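Structure below; questions to follow.
When the chains are written out, they are named A, B, C and D in that same order, and each has its own residue count from 1.
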Amino acid sequence: MSDSTTNLEFLKERVREFCEARDWDQFHNPKDLAIGTITEAAELLEIFRFKSEREGEELMKDAEARDEVAMEMADVLFMLLRLAQKYGFDLTQSLLRKLAINEERYPVEKARGRNVKYNKL
Amino acid sequence: MSDSTTNLEFLKERVREFCEARDWDQFHNPKDLAIGTITEAAELLEIFRFKSEREGEELMKDAEARDEVAMEMADVLFMLLRLAQKYGFDLTQSLLRKLAINEERYPVEKARGRNVKYNKL
Amino acid sequence: MSDSTTNLEFLKERVREFCEARDWDQFHNPKDLAIGTITEAAELLEIFRFKSEREGEELMKDAEARDEVAMEMADVLFMLLRLAQKYGFDLTQSLLRKLAINEERYPVEKARGRNVKYNKL
Amino acid sequence: MSDSTTNLEFLKERVREFCEARDWDQFHNPKDLAIGTITEAAELLEIFRFKSEREGEELMKDAEARDEVAMEMADVLFMLLRLAQKYGFDLTQSLLRKLAINEERYPVEKARGRNVKYNKL
């Protein structure tokens, strides 16, 4: 199973099974799942803390560091999937819709090669 | 297109096209994508700030609030997909592997109905 | 020494000595200190993750949990003090100025007993 | 008033007055104040998102950017002060205690010039 063969619904089901087997529905309200998302994102970020950009790039060639990054990305995704599964969000539709919004916020001719937020373009 | 019909590779490709059209490869090193992930997660969390759990649950029944939540979740997912696409991570494999790890960290009989981290179980 | 007897300059000096003794100036650019601030804030938040508000309040009566909270607050403050010390910010003046701005954004008669952001008041 | 002349107790009192005038005690439980801390830290970090280290350093010479940074630092400090004030934490004592702990975790001879966490020293 891989990103080329699996859809998000399949992953949502795996997450649902994991949580329901542990009777965690009672803890998984949207506020706490948002907290879960940010605290896991912090563990991902911490890997790069006080490292230069170049060192960050180098880590991407190191098997052990890649593994650490992959596991922290999985933790963030877990929280998103759980929030989506429990409260009926379709992540694919949300992502495609947000891309369409961002096409307007970041028109190619204005945003090309620029690292500023849309309200400063 | 929806979570039941679309695979993650397709979403990664949409994100790649969006970023490459804007010549953003130069800004999208792993450290900054991790920063992107946490700052978007903060916007998701901010929706629930100073709201009670009950108010958080109520927001899930409000169309406007749901839309806001969906768009912030999409922003977090965008950053994860971009990091995965640019640096060759398979999110499906990572998630399934992390679930296997967590099956051991949170055995059903010990973790059932408990809201503590594995190192305190 | 306590909050009633010590000023922020004194604390900034302690932090400066600690960092300079370790030759950490080279790592302490503003971007990484902002990363330091948020990753430490995440460790503070993680103490309350999946805990109800009531459980959060109860933790404030537990000596061990209080100690954990105090040490995480110290870590966040350390990063703020270091950023202020290294780049010449006066936190007292900033705080008082921000309070004045917020007096206007959150007028007492409109903000009283309300948990919404100023742009929604 | 400045960092050299004002003690932390004075700042805590200003924050207390601000919040009590708005009847915000009901929202200011420790969990939500930790959420407040991290969401404000995210606004600080966002200023540096997709900016290189060098660009981050340059921002420190720009009056407008400095002002933005100062106001976000003030927001993080506000949340820490409020948590400390409402639940009886002494930030000075906590910081000094944490520095003492970190003196042991990061011995000068081992930590000098190194950007790794103590558990990897």
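Methods note: contacts are C-beta pairs under 8 Å (C-beta built on N, C-alpha and C of every residue); 3 or more make two chains touch, one makes a residue touch a chain.
What you see is a predicted model; the values in this text were computed from it and never measured.
**Student:** Kindly list the shared contact partners of chain A and chain C, in label order.
**Tutor:** Touching chain A and chain C alike, sorted by label: B, D.
**Student:** Do chain C and chain D face each other with the same patch, meaning over half of the contact numbers show up on both, or with different patches?
**Tutor:** Chain C vs chain D: same; shared/all numbers exceeds half.
**Student:** Centre to centre, by mean C-alpha position, how many angstrom separate chain A and chain D?
**Tutor:** Once rounded, the distance between the two centres reads 26 Å.
**Student:** Nearest whole angstrom, what separates the Cα centre of chain C from the Cα centre of chain D?
**Tutor:** Chain centres of chain C and chain D, defined by C-alpha means, are spaced 3 Å apart.
**Student:** Going through chain C residue by residue, note those that touch at least 2 other chains and give them in order.
**Tutor:** Touching at least two other chains: 27, 32, 35, 38, 41-42, 45, 48, 50-51, 53, 115.
**Student:** Chain adjacency by touch: line, ring, star, complete or other shape?
**Tutor:** Here the contact pattern is complete, since every chain touches every other one.
**Student:** Within their complex, state which residues of chain C touch chain D.
**Tutor:** 1-9, 11-12, 14-15, 18, 21-24, 26-27, 29-32, 34-35, 37-38, 41-42, 44-45, 47-48, 51, 53, 56-57, 59-60, 66, 69-71, 73-78, 80-81, 83-84, 87, 89-99, 101-103, 106, 108, 111-115
**Student:** Sort out for me which residues of chain A touch chain D in the complex.
**Tutor:** The contact residues of chain A facing chain D are 35, 38, 50-53, 115.
**Student:** Would you tell me which residues of chain B are touching chain D in their complex?
**Tutor:** Against chain D, the touching part of chain B is residues 27-28, 32, 35-36, 38-39, 41-43, 45-46, 48-50.
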